[in-house]
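Chain nomenclature is as follows: A, B and C, assigned in order of appearance, with residue numbering initiated at 1 for each chain independently.
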Amino acid sequence: MISGTRPLRLRPPAFLGARLPLAIGLGVILFWVLAALTVQFWPLDPPLDMVGRRLKPPSAEHWLGTDALGRDVLSRTLHGARFSIPIAVVVVAAAVALGGFLGAIAGFFGGLLGAAIMRLVDVTLAFPPILLAMAVAASLGPGLENAAIAMIVVWWPLYARLVRAQVLEVREREHVEAAVAAGAGPMRVLLRHVLPLCWTPVLVNATMDFGQVVLLAASLSFIGLGATPPTPEWGAMISDGAKYFYHWWIAFGPGMAILIVVLGFNFAGDGLRDLLDPRTE
Amino acid sequence: MARYLLRRLLAMPLLLLGVATAAFLLGNVVKGDPLASILNERQMNNPEVVAAAKARWGLDRSMPERYAIYLGNLAQGDFGTSFRTKRPVMRDLLDRLPATLELVFSAMLFGSVTGIALGVAAAHWQNGPADHGARLLALIGSSVPVFWSSLIALYVFSVQLGWLPGAGRLDAAIRPPESVTGFLTVDAALAGDWHAFGNALGHLVLPSVMLGWAVLGIISRMIRASMLDVMQQDYIMTARAKGAGTLRVLLRHALRNALVPALTIIGFTFAYLITGAILTETVFSWPGIGSYAVDAARALDHPAIIGVTVLGALAFLTANLLTDIAYVFANPRIRLG
Amino acid sequence: MPAAPATDPPLLEIRDLRVHFRTPAGVFEAVGGIDLDLTPGEVLGLVGESGSGKSVAMKAVLGLLPPQARVTGQIRFRGRDLLTLPEREMRRLRGGRIAMVFQDPLTAFNPVVTIGDQIGEMLWLHDRALSRRQLRARTEELLALVSIPEPGRRIGAYPHEFSGGMRQRAMIAMALANDPELLIADEPTTALDVTVQAQILDVLRGLQARLGIGLVLVTHDLGVVAGMAREIAVMYAGRIVEAAPVDDLFAAPRHPYTRGLIGAVPRPDGGGRGPLVAIEGSPPGLTERLSGCAFAPRCPLAAARCTAERPALRALGSGRAACHFAGAPAPAAAEAAR
């Protein structure tokens, strides 16, 4: 077994109480989800067109300045939500589905298949996450879709472990034994009696992982393995800003966007945990 | 506990085989023709050149054959030849390892010392301003994209304020000291070249701090929780009853015990260091393994990517194993019990 | 209190000691004004159930209470008020002239430091000039003093490698390291096996007498102090309800709570005195201090007056007692109690 685990969970300030972080986090998430869905209707400059002079610092006209091609950084930053948010949703959903499915099988049925699944989990978790994601993304070739696949490969084992541990615990409870005794088939027991009791930690973890996926996706794009120019993806924009290093504002907007999103998901996940499962910490 | 360690040790070879196999599959199930990253377009149209290249890179053999050769080579420390540099990947990695180690060591040093200090302070002044400040710093450190914060820091401290030198390990005008350890700071000190030493140290500060920041957060939170737990223990009261001062009670009695559970996160922080190193090195043009990995990934240089990945997994597994061993040895109750 | 010879100044004088704890839920009184005296070389037994404030009071003497505790009154050690002493000087007293033995030696020793190093630290903290070799030699002496076999070998052992009795011996050795004048032993035998308890008490009694140390023995068990203390103070709900020389206390307990304790605890000499009667109920928690006598809800003698008016601690014969009915001769009151 490998003791290393992936995403870090830090608790937002306790002085905010349990509900306030959740509210702040949900507020931040709501804003970005809204942006992801409707940003093209917002009164913004077009994200891909030259709308002003090149490399202009923030001004009343362009709040976050313009980039090397005279594009509005604020507009591009807000449009970035259209890439980062859906990617996070897809990656986390796929990782939960795939990892949850395999973890449930490993936990519920055990046996050779279960052992094989868990060895696969061990091997996958033996890689430092970013290196594995880079290797997968590189072998698939650049592009956001491939980066997403790479991140699913990195993330599913965490959920396989989590769900397996939950299933192992829930399986022993009385109502499950009662259902088995009543003649319910194994699939039915698993789906109706076991899995519904496993969702709390999965939900909390998933919420926090949204932020981590946004971070890793941006990192891959920054390296050049994710989104490619001229896509207004945050990591790619920062990579672009790094080339015009003395014009700090090009990278400032997208970086703040990432920071705010990740903080938001961390706050929300933490608040959720306090709400759903007050026993932990 | 000893049995657990033994089981961990026995599982290592199997895990390594799994890692190698996974890496092989990643390198050989490549979308598109790997030759495309070796040859240019005109060469690709020349069948002779293509055949020669295939033979040279072993691409004409069957998959199982290549797998067997790959494993044999790997066992001998041969990671293959980089498409990009045309040098053995192992040589490239060894050349670049000291730069990464120097960065990671100093980042870990900064992260642990500051993290422990912040954790102790946060526990001592629980729920006071120091506690909240430390918490916020930790939270931001773990949420901020390090490639962005590094850029901003470089801009502020190097360009605007001019306090610290810019990217790279050494100013171009300074002659690097004779290589002994590969750590520029150490080598410069050994050579008595204090000018180079100061410059190398200056170059090391920003990347170490930015890289150490993420780790600092994890460590300070862990130490704080652990300290709060330990401070409730009876032996803390005993230490005070002996006439020990606050600092002595905090550091010698409480921290010493609080560090034991905190050791479990060494392996954990290592994952962050690797991630962070790759991105920080890229921003700071640091000639280490991280920037090598990124260059390789951008050029789709598969042997190099696989080499870095296997090396990373090896380091990661070792770090986790060392964590377990350190944990056992730091705790006399487990060690002797 | 018995009149001590005028030439013998008290080692410890506690006057109207009060301890309040500030918590988010309010301020609670843990110790409600107690007076205690101890002459040098004497043994004082401080008896009460857990939560009676006896441990809190003794930790106040050493200044070991957490910051949210507010301590008022006077604690004079050799005439100097410890409550007004600067922290620096307090630190010199702790472990130096005043030492403490804690209840559970397993948790009171630092688990990751050897016993020898922990005793050595106690010495070093009060004499930084000691060399490594001197520390080791003195530590071995101390371990030998408390009859730990092969002290030279045991010195490098960790606390978990000692048996419970050995750990408590080592704890006593550590407390004695700097020849204290006052030793506070807080339930020193409670965490130990019954068979070991007697041994530890023997060690404590022997060393106290030989070294002439003033000892405050804090316990919930009257049997523990019966054979050791010259004076006994009984605490209930943060106050002293009765204090008397040991023989008088056992012969003629004046407070119904003391009588209950004597009834509840078999005499150490094995001779029972009447039927064993347990005190019913439990002492009030910190949050529920009453306006009248705190013992009234459990007291067989309780009358209307008891819940309305708190009885003062007044001199009665050779001792003091805080009970409205304490004037009555003991046997009659005991009779009334049945």
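In the analysis below, contacts are C-beta pairs under 8 Å (C-beta built on N, C-alpha and C of every residue); 3 or more make two chains touch, one makes a residue touch a chain.
These figures come from a predicted structure and were not determined experimentally.
Across the assembly, the chain pair joined by the most C-beta contact pairs is A-B. Chain B has the C-alpha centroid lying closest to the overall centroid of all protein C-alpha atoms shown. Chain A and chain C, compared by their mean Cα positions, are separated by 59 Å. Centre-to-centre, using mean CA coordinates, chain A is 23 Å away from chain B. Chain B and chain C, compared by their mean Cα positions, are separated by 55 Å. Counting only residues that touch two or more partner chains, chain C has none. Not a single residue in chain B touches at least two other chains.
Contacts from chain C toward chain B in the complex involve residues 59, 62, 64, 91-96, 99-100, 102-104, 107-113, 121-122, 125-126, 158, 160-161, 174. Chain B makes touch with chain C in their complex at residues 233-235, 237-245, 253, 256-257, 260, 330-333, 336-337. Here chain A touches chain B in the complex through residues 1-6, 8, 10-15, 119, 122-124, 126-132, 134-141, 211, 215, 218-219, 222-225, 235, 238, 241-242, 245-246, 248, 251-252, 254-255, 258-259, 262-263, 266, going by the rule given at the top. Touching chain A in their complex are the following residues of chain B: 8, 11, 14-15, 18-19, 21-23, 26-27, 29-32, 127, 132, 135-136, 138-140, 142-145, 147-149, 151-152, 154-155, 159, 214, 217-218, 221, 264, 267-268, 270-272, 274-275, 278-279, 282-283, 293-294, 296-298, 300, 302, 305-306, 308-309, 312-313, 315-317, 319-320, 323-324.
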